[in-house]
Every structure is written in structure tokens, then in C-alpha cells.
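These are the structures in question, set out in turn.
There are two complexes below, and they share chain A, which is joined by chain B in the first and by chain C in the second.
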Partner chain A sequence: MQERVVVVGGGPAGISAAIAAAELGAPVTVVEKNAYLGGRPIEENYASLTPYLESAEEVMGRLIDRLTAFDNVDILTSSQVIGKSGDSRPFELDVLTGSTATKLKAGSIIIATGFTHFDPGRETQLYGYYEFEDVVALQDLEAMLKEGKVVRPSNGETPQRVCFVQCVGSRDRQIGNEYCSKVCCGVASKEAIEVKLAIPNAEVFIFYIDMRMYGYWESQLYWPAQEQHHVQYVKGIITEVLPKAGKLLVRGEDTTMGRPMEVLMDMVVLSVGMEASPGTRKMAVLLGVEQNKYGFIEAAHSPLDTVSTSVNGVYAVGAALGPSDLEDCASTGGLAAAKAVRDLHALV
Partner chain B sequence: MPAATKDPYLKRDHVAGHSDVDRATKERLISQVMADSRFGDYLYGCYECGICVAACPSARFYDFSPRRIAQAAARRDVDLMFQQMQEDIWECSQCFSCLRCPRGNNPGGVITIMREVAVKEGLHSAKDALAGYSRIIYKIMSTGTQVSPDMLQPDAFPDWGPEVKDVSENLDLWRRMLPPETMHTTTTGWQVADRTLVELYVIWLETGALDMIAQVDQGIHMILEEIMEEKLEEEGIEI
Partner chain C sequence: MPVGGNKQAPVITELEEAIVVSPLSGREWDVSGATSRMLESRVLTDYGSAGFARIAALEGGESLEYCYGCGKCVPVCPVDLVSEYGPRKIHRRVQTGLDLFRSDELWMCTTCGNCLRVCPKQVNMIEVMPAVREVAMADGTIPEELQQVMEKTFRYGNALGENPRRRHAWTKGADVEVRVLANDPRPVDVLFYVEDYWSYHPRGQQAAQAFARILTSLDVDFAILGSEEKTLGDSQRLAGEKGLFESLMEQVVEVLSKYQFNRIVTPDPHGFNALRKIYPKYGHDYEAMHYSQLLASMIDRIEFQGTLDAKVTFHDPCYLGRHNGEYEAPRKLLEAIPGVELLEMGRCRENSYCCGGGGGGMWLDGFNSNHASERLSERRVREAAETGADILAVACPYEVSRFEDAAKSTGNEHLRVMDIAEMLDIAMRAQDWRI
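On to the complex of A and B.
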């Protein structure tokens, strides 16, 4: 059996890694649990990607086309890695496709099992995600934007006042997620722009702790949102959402103005953060790699080696390592591919 | 874009010393501010970082914050902006130290616009703020000069020392010692030609400056109108 680079997960990071490894001439197998490739952006119906507002389907489609064009890449969809034997390279992996079990000989393994959106039912504030229909999460609004129909779920009306609440499930000791999820500031700003483009008369607010628009996102998203689309950024986090006269009353403090605020909204969007996906947690255990206290896979030699794990020959990429943007996915994917292909050669 | 947010966070209608006005009036005033052609160049987006306050000399002496001015305008908060037109904007010294804003905002410029609207509309606060300046307004608008030698009375400026008394008693003589003949004046800073006055009066008329005065001080307006009328009639211009 030929030794291969096995990539677990077919999202942005996994596909990036698989393409890079294939370009280096290695035989590659991608194992994806869904029946399709594309990861979160496709699974969760993202309308567009940050920061260029380009259609998620188109961007991911181009990436998938590049991957499927390689002769040396096998793609196993509706498949999961369910077992591993051998403590060092090469590993033997048990893969289940539907009800068919097969074995793979992995010279190296790249974990690209990504993140899951924080479940707002777990937040310590009282946002009522499961209580009020018009309280939605970032990905719910993405799906609406993708359909081209931004309406209040409760009554189908066009919302006139929409607010985003940042850091839901992130930077919160009570929840146990002390980290920043890195992309939500940019994603919320992107969606706020898209809401304003769809409903020009709407008033859109973003309630935040800090705006973390690192690098070019500042001028690509933050400034245009504020200056061209008049999105209102208010430093102060909402403590609770209450129903009032068919609308949602959000309560918080306008901290920089030094005054309490109670504002009625038609729709509240929770900027949920990233958590380690069940797949990431499962693969970490199955492959014996160390996780950090949040369940993400620990990069063993950070900061300058972002992808090596505690197990030789096993790498992690993208949001399996922690909150990541798409650029992180592409760059960790490339680095892990280089190391994974090196391992293959080292075996010869 | 709606000109004003429909639901201010905190309703604080009453400002000490100034009666509140109805919502429609506030919206009309604020939309005048935001419709000003300079407004877009004076306010982009606000980080709320406070660098303008740190740079502001007035903020050290008054409960005044150029950041709050920028924020209120950025949020289209009609109630707060109106409240600021009644109070805060008159505490700015218009030095434009706030121009060091990283976003390129000009809170002092927003204040300039707000002041102009306040004066044009004859807001109570504008009248209050300008009350102490009636003599200066009268002098500049009627003569084209601001400070005249005959204002140098020893009683008015005791801190200038005993020589002020001597100078003021022989003002005409002292003035005639100055080399330029145009400065041999006592009731104006210098000699103002009739042609200059007429040009100034036309400027006051055409720019609406005279109308602004009518809003804040009717007494001075009447006097000025009378003075100007006479001069302008000689030139064949009717007020």
C-alpha cells in the first residue's frame, strides 16, 4: 500500500493543505465527513467571505476545482477516520465511508477538522437565542444574506434596526473561553455592510468590547462600515435582550458616552465565536495529539512552527489550531503540506 | 441614511437655563448642520480614542469634550446635539488642536457649523454667548475695526500701569505722533475709507451676517441697519 499524506477535513485549511501537498507531488487523500467539500463556509451557507465580500460558493468552488484537478488526490466524502494503529510513521488509519471500512497508510497526517460556532444557548448573558426568533447568530444572517432575503424571522418583515453583539462566547471567563475568536469583528462589520446594502434605510449598530480589526481589515471593513455605510459602533456590551411591543429591547451601557442605554431593535445578531469542533476533539484523542484547555490542538513549537503537534508526523491546520481567519487556513495549510511531504520522503 | 436616530439612548431633554424645544425643531436644526457642505469633510468615523480631548485646551478648564461632539454627530443623536448646541459648543476656543485626529476628523469644524446654525436660528445659547460681544460686534460691523484707541481708559485697564492715564488724557496728541497718517484716529483703530465701509456693508448684507445679528441682538441690528442704510443709499444700494 502506497504511503500517502492524509488530510482529515475538506474545508479551507484542509483543501489548501491538500493542494499544496499535491503540488509537491505527494499522493494525497482527503477524508471529509460531509458528502461535499468546502467546510464551514459551505455547510453553514455563508453568503460571502471576509474581507472582500466575494461569494463563498465561488471562492470555495475555485479552490475545490483546483483540488479535484489533481490525479494524485483521492477525495473520500461522507467518510470519517475511526481508528489508528501504529505510534509512529507510517500510521495505519481505519476509514469508514458509509458502511464500508477501508485502510489507509499515512506517511503523515494533517488534521483540518476546524471549528464549530459557539452555541449561544450557553452564554451567560440573557440574549434569548432559543427564546426569541429575531435573535440570530452570525451564520444565520449569512444564510439570509445568501438567500438575498434579510427579514425578521418572527414575521417576515424587513428589519429597520439591527444590532450585532460582539464577543458572544469569546473572551469570557465564566464561559471558559478566555480567547478572542479573531474574525467576528471583521465578519460582523462585513455583514453590517451587507445589511446596509440590502436595506439602505436600516440603522445598524455594533456593540463591542474592543474592535479587533487587525491589519488591512481596518481600511477594508471598519472604516468603510463606519464612514460609507454609517454603521454605528458603540463600545459597550449588551447584558440582556427583552421582548417589548413586538420588538427586542437591548440593554447595555454606551461606555464612551457614559450613559446607560436601552434601545429597541428589530433583529439582534449574536457574533458567536469559535470553539473546537467535535471532529477536532475526536481526532485529537484518536491520534493522541495534545489539546489546549479549550479543546483546540496545541501547536507544539509555536510561534514559528504553527502546525507541528506533539506527535511526530501529525500536523494541524486552520481552525483546528484555534480561532483562524482564511489567510491563517491557507498559510498553515501550506506549511503543514511542506512538512508532511518531507516526512514522506524521509521514509524512503 | 436616516438623518437622525429615532430612539436616543437616554432622554435628557432639559438643559439648565434653556427651555427645551420640540423634536421637529431639533431635527430641523441638526439636519441643517449635517446638510452643510463641510460636514462630510469634518467627520468621518470616530474611534472614540480621546486624542482630541487630550489635545484640547478648553477640555482642561470646562466640562467640554470634542470627542462627545464627534460622537453625538456620528450617532446622529439629535437630542444630544441640540443639548450641545445649547451648551458645549460655546466652550470651544476654536483653536483646532483636535485636528490631530487619526481618522482625519475635525470636531472643531463641526462646532463651527453648529455655532453658525445656532446664531442663524437665534438660539438662546447663541444670544447668551454673544451678549458680551455686542460692543465688539457693533464696532467691527459699523467701522471695520475692532479695538480703537479711545477704548484705552485707565479705569478699564488698571493692570496696564499709570502711563495709560497719561496716554488717554492726551490721546489725540499721542496718535498724531505715529508716522502713518491713517493712524491719526481715536475712535477707530485706523482710518477707514468710505469705499471700504461700503464694501464691508455689502459683505455683511450678502453673507447674511447682518441677518444673523438680527437673530441674536435686535438693538444692535437696528443701529447697524441705520448706519449702513445711510452709506449704502449714497451708493445707490437699498437694504
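On to the complex of A and C.
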């Protein structure tokens, strides 16, 4: 059996890693649990990707086309890695496709199992995600934007006042997620711009603790949202959402004014953060790699080696490592591919 | 306050008599009849882009909504130190529904430019405020005392409402001949544009006379416009009267077109700013200098007959320093005077504190006294006194009167306020001057 680079997960990071490994001439197998490739952006119906607002389907489609064009890449969809034998390279992996079990000989393994959106039902603040139809999460609004129909779920009307609430499920010791999820400020600003483009008369607000627009997102997203699309940024987080006369009353403290605020909204969007996906947690245990306290896979030699895990020959990429944007996915994918292909050569 | 399920809105009451005492200056002011802020509803109930949109629709008003609330402007805003005011706060208050067009805050900005210096988003209050004020002017919602100055400027061509024919009355006390172009229209090197406060204010006139003596002793070929001179009106522009400024400009340009001169030299940084930055936008290009620049360029030719033994601190005028980048010329002159020991205040040069006179503040002392714990000039004089200086040197005609009043009101009468021209004149003429 030929030794291969096995990539577990077919989202942005996994596909990036697989393409890079294939370009380096290695035989590659991608194992994807869904029946399709594309990961979160496709599974969750993202309308567009941050920061350039390009269609998620188009961008991911181009990436998938590049991957499938390689002769040296096998793609196993509807498949999961369910077992591993051997403590060192090469590993033997048991893969289940539907009800069919097969074995793969992996010279190296790349874990690209990504993140899951924080469940707002676990939020300690009373945001009423499951109580009020018009309280939605970032990915819910993405799906609406993708359909080109931003409406209040409760009555189908076009919302005139939409607010985003930042840091939902992030930066919270009580919830257990003490990290910043890194992308939500940018994603919320991107969606705010898209709401303004879809409903020009709408007032759109972003309530925040700190705006964390790292790098170019500052001038790519934050400034245009404020300066060209007139999104109203308010420093002060919402602590509760209450029903009031068919609308939602968001309550919090306006921290720069030092005053309480109570503002009526038609729709509230919770900027949920990232958590380690079930797949990431499962693969970490199955492959025996160390996780951090939040369930993400620990990069063993960070900061200058972002992809090596505690097990030789096993790498992690993208949001399996922690909150990541698409650039992180592509960068870590490429680096892991280089190391994984090197491992293959080292075996010869 | 809500008590046991019986929620009652607080009642807003008016206080019949109340005096508030500033913990900083000890100054008292009367807030009788004013609504107590503590009894207003504290809850903010809306945010919106509409206020920004109204302002952004005005030329120069676009940048107010760019504020992202970092707060860098507030500690350097001179008004914030004596009042509840600052550019960041204006942004937030407009976002929460303040009608800036009809608010008192509109008139509190002195356009000193220190906020813009530090603003990462380049929120330009120097353009926002005049743009909004222009609308308020047209609507007639302008403080009475400022309105009077605008009317005087319109009627007499000067902010003081003085007789235009007496514009060069000061020359009589100069002890040197001062050529008036209307009487002797030969080409001249330096057109000395005296501006209002050196023309009419008694202490300004003394500085004008000193400057005329200095120019004469340096054999500078200079002349004035006399009764043909009108104010350049830059502060009127920044206070919102763009129309008045433009009409003055037309008249000034017409008068200037009658004469041949190489350069315009003015003691007024506000007029200097207009000639240097605003006139060219309308196609009127003149070589303009502040008087300190002209004299600094001739410093090697100045012969001092005596000394001026004093510790001196210098107040950078906003419109000479921050707005036009000239920090060295006044210092070069002061350091050249034998006997002068120059002591810098903590806030100087780029970060100089504002005297309160710019952007219309010169004519809003009464209005501002209702909003501030003390005058900016009083705060500045306090800083000057802390250096241990004997003399507060100035290079802007607005400042002598402002700082002299402030020195008295803050109990710093020992601090002499003098224009740099006066100080040079004393040392050049070997007058016996001692503290």
C-alpha cells in the first residue's frame, strides 16, 4: 500500500494543505465527513467571505476545482477516520465511508477539522437566542444574505434596525472560552456592510467591548463600515435582550458615555465566536495529539512552527488550532503540507 | 425612582438659585434656573446616523462620523480641561441625538487644532465646526455677543466696531514716519498689514508702534494701508461667517490690487493663516509672513543697545504654530535679546495650550463663562506663572489683552504680558528696563 499524506477535513485549511502537498508531488487523500467539500463556509451557507465580500460558493468552488484537478489526490467524502494503528510513522488509518471500512497507510497526517460556532444558548447573558426568533447568530444572517432575503424571522418584514452584539461566547472565563475568536469583529462589520447594501435605509449598530480589527481589516472593513456605510459603532456590550411591543429591547451600558442604554431593535445578531469542533476534539483523541484547555489542538512549537503537534508526523491546520481566519487556513495549510511531504521522503 | 413596583419617572426640577464654585479657580458662576443634570433621564434610548448625515452633507462636515472613540483628542482639547467638552464627546453626543446645529457646544471650539494633530482618523473639527456654524448663522441661532461682532465687522471692517478712519491713529505715537499707501502709492517692499487689535487696542497699538520703530531702524521699506485696511476676517470665517470672510476678501484683494509690494507682513497669525492657506484656494496668492518671521530673517542686523534682564516664557499662538508650523522664529528673536532667559512651559510648540481667542472665542467670553470653570487664558497664565517667568511673551495681537486680564483675575499681576515686538524695541533702544 502506497504511503500517502492524509488530510482529515475538506474545508479551506484542509483543501489548502491538500493542494500544496499535491503540488509537491505527494499522493494525497482527503477524508471529508460531509458528502461535499468546502467546510464551514459551504456547510453553514456563508454568503461571502471576509474581508473581500466575494461569494463563498465561488471562492470555495475555485479552490475545490483546483484540488479535484490533481491526479494524485483521492477524495473520500461522507467518510470519517475511525481508528489508527501504530504510534509512529507510517500510521495505518481505518476509514469508514458510508458502511464500508477501508485502510489507509499515512506517511503523515494533517488534521483540518476546524471549528464550530459557539452555541448562544450557553451564553451567560440573557440574549434569548432560542426564545426570540429575531435574535439570530452571524451564520444565520449569512444564510439570509446568501438567499438575498434579510427579513425578521418572526414576521418576514424587512428590519429597519439591526444590531450586532460582539464577543458572544468569547473572552469569557465563566463560559470557559478565555480567548478572542479573532474574526467576529471583522465578520460582523462585513455583514453590517452587507445589510446596509441590502437595506439602505436600515440603521445598523455594532455594540462592542473592544473592536479587534487586526492588520488590514481595520481599513478594509471597520473604516468603510463606519465612514462609507454609516454603521453605528457603540462601545458598550449588551447584557440582555427583552421583548417589547413586537420588537427587541437591547439593554447595556454605554461605557464612553457612562450611561445605561435601552434601544429598540428589529433584529439582533449575535457575533458568536469559535469553539473546537467535535471533529477536532475526536481526532485529537484518536491520533493522540495534545489539546489545549479549550479543546483546540496545541501547536507544539509555536510561535514559529504553527502546525506541528505533539506527535511526530501529525500536523494541524486552520481552525483546528484555534480561532483562525482564511489567511491563517491557507498559511498553515501550506506549511503543514511542506512538512508532511518531507516526512514522506524521509521514510524512503 | 422605582419603589416596590410603583415605577415613577423622576421629576425634572429647576433650581431657583444656585452658585457653582470651580474647585480649580475658585471662580463662581450662576446656574440659577438651570436644569440639574442629575435629574435628567440617564438612559440612552437611541443611536443613529441621521445627525452625522446632516453634518456630512456640509462641505467639511464629512469627517465627524469617522471618530472611533479612541479619546486621544480629549486630553489635548483646551476646552475639555475647563468644561464638559471634547471632540470625541461631540461625536458620541451627535450619535445619541444631539442637534449640534442648535447646541451650545457648537460655539465652544476655538479651532486650536490640537485634536486634529493627534487624531488617527483625521476627524477635522477645524472644518466641521465652521461648516455647522455657517448653517447656525443662517438660521440665526448664534450667541448674541458673536452676532454683534459679525455686524461690526460687516459695518466697519473691524471686529471692534471702531472708526475705519482711525485705523492708523496709532502711527502718531510711533515716533517714526509710517507711510500710508493712499497718500504715497510708490511701490514698497513690505506691506505691513496691521490687523484689528494692533490698530485699535491700546496695548496692541503699543506693539504696532514698537514694530514700526524696529522696521525703521532696520531700514525696511514698509507701508500700511491705513483707512483702506480691513480685517482679513479669518476668525470670523472659523466662527461660521464664511460669507463675510469672502466679501472682506473681495474688498481686500481690490485694495491690494492698487499697490505694488513684495510681501505682506502681519502680526496676526489668524490673518497670516488666511493669506497663506485660504486666499490661495480662491486664486489669490501673496507672499505672506508673520512679523516674527520677517524679523528673525534679519536677526543678524538687529543691534541691541541695552539688555532686558528677565525670565521669559513664550506662548505659541495656535495659528502660527500648530496651524502653520512656525515655532522657531519667535524663539530665535527672544533668545537674541540680551538678558532674556527663555523658560518653556510644559505645553509648548506643537502641544501649546490655546489662549481661547481663536475660532470666535475672542468674542465669546460671556457665553463661555456659562460653560467653563475658567477662561482658557486664565489656565494658560497659571502655567506661565508656574515657570517662574517675569514676562509672558506673545506673538499674536489677541493675546496681550486676554493674558493681561487673566493675570489679574488669577492673582498673577507680577507676570508682565508683552509682545515680542515690544521686547525687541526696548532692548534695541537701550531703555532702562528692569523687572
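Here is the rule we use: the second predicted complex is superposed on the first by the 348 of 348 C-alpha atoms of A that agree within 3 Å, B and C clash if a C-alpha of one lies under 4 Å from a C-alpha of the other, contacts with A are read in each partner's own complex, and residues count from 1 in each chain.
Operating definition for what follows: a residue touches a chain if its C-beta (ideal position, glycine included) is under 8 Å from a C-beta of that chain, and two chains touch if they have at least 3 such contacts.
In this text, all values refer to a predicted model and were calculated from it rather than measured experimentally.
S.K.: Consider chain A as the common anchor and indicate whether chain B and chain C clash or fit when overlaid.
M.R.: Once chain A is superposed (C-alpha atoms), there is a clash between chain B and chain C.
S.K.: Applying the document's definition of touch, where does A:103 land relative to chain B and chain C: first, second, both, or neither?
M.R.: Neither partner.
S.K.: When the two structures are overlaid on chain A, which partner does A:259 contact: first (chain B), second (chain C), both, or neither?
M.R.: both
S.K.: For A:345, select first, second, both or neither according to whether it touches chain B, chain C, the two together, or no partner.
M.R.: neither
S.K.: Please work out whether A:62 is in contact with chain B alone, chain C alone, both, or neither, and reply first, second, both or neither.
M.R.: Neither chain B nor chain C is touched by A:62.
S.K.: Does chain B (first) or chain C (second) touch A:201, or do both, or does neither?
M.R.: In the superposition, A:201 touches chain B alone.
S.K.: For A:244, using the defined touch cut-off, is the partner it touches chain B, chain C, both, or neither? Pick first, second, both or neither.
M.R.: neither
S.K.: Determine, under the contact definition given at the top, whether A:293 touches first (chain B), second (chain C), both, or neither.
M.R.: Neither partner.
S.K.: Following superposition on chain A, which residues of chain A contact chain B and also contact chain C?
M.R.: In the superposed arrangement, which is not itself an observed complex, chain A uses residues 203, 222-223, 226-227, 230, 232-235, 254, 256-257, 259-263 for both chain B and chain C.
S.K.: So in the complex, which bits of chain A are touching chain C?
M.R.: Residues 203, 205, 211, 222-223, 226-227, 230, 232-235, 254, 256-257, 259-263 of chain A touch chain C in their complex.
S.K.: What residues on chain A touch chain B, complex-wise?
M.R.: 161, 200-201, 203, 222-223, 226-227, 230, 232-235, 254, 256-257, 259-264
S.K.: Quick one: which bits of chain C touch chain A in the complex? Just the residue numbers, please.
M.R.: Result: residues 42-49, 52-53, 65-66, 68-69, 71, 88, 92, 95-96, 121 of chain C touch chain A.
S.K.: Residue numbers of chain B touching chain A in their complex, please.
M.R.: Listed in rising order, the residues are 1-2, 5-7, 9-10, 44-46, 48, 67-68, 71, 74-76, 80, 103.
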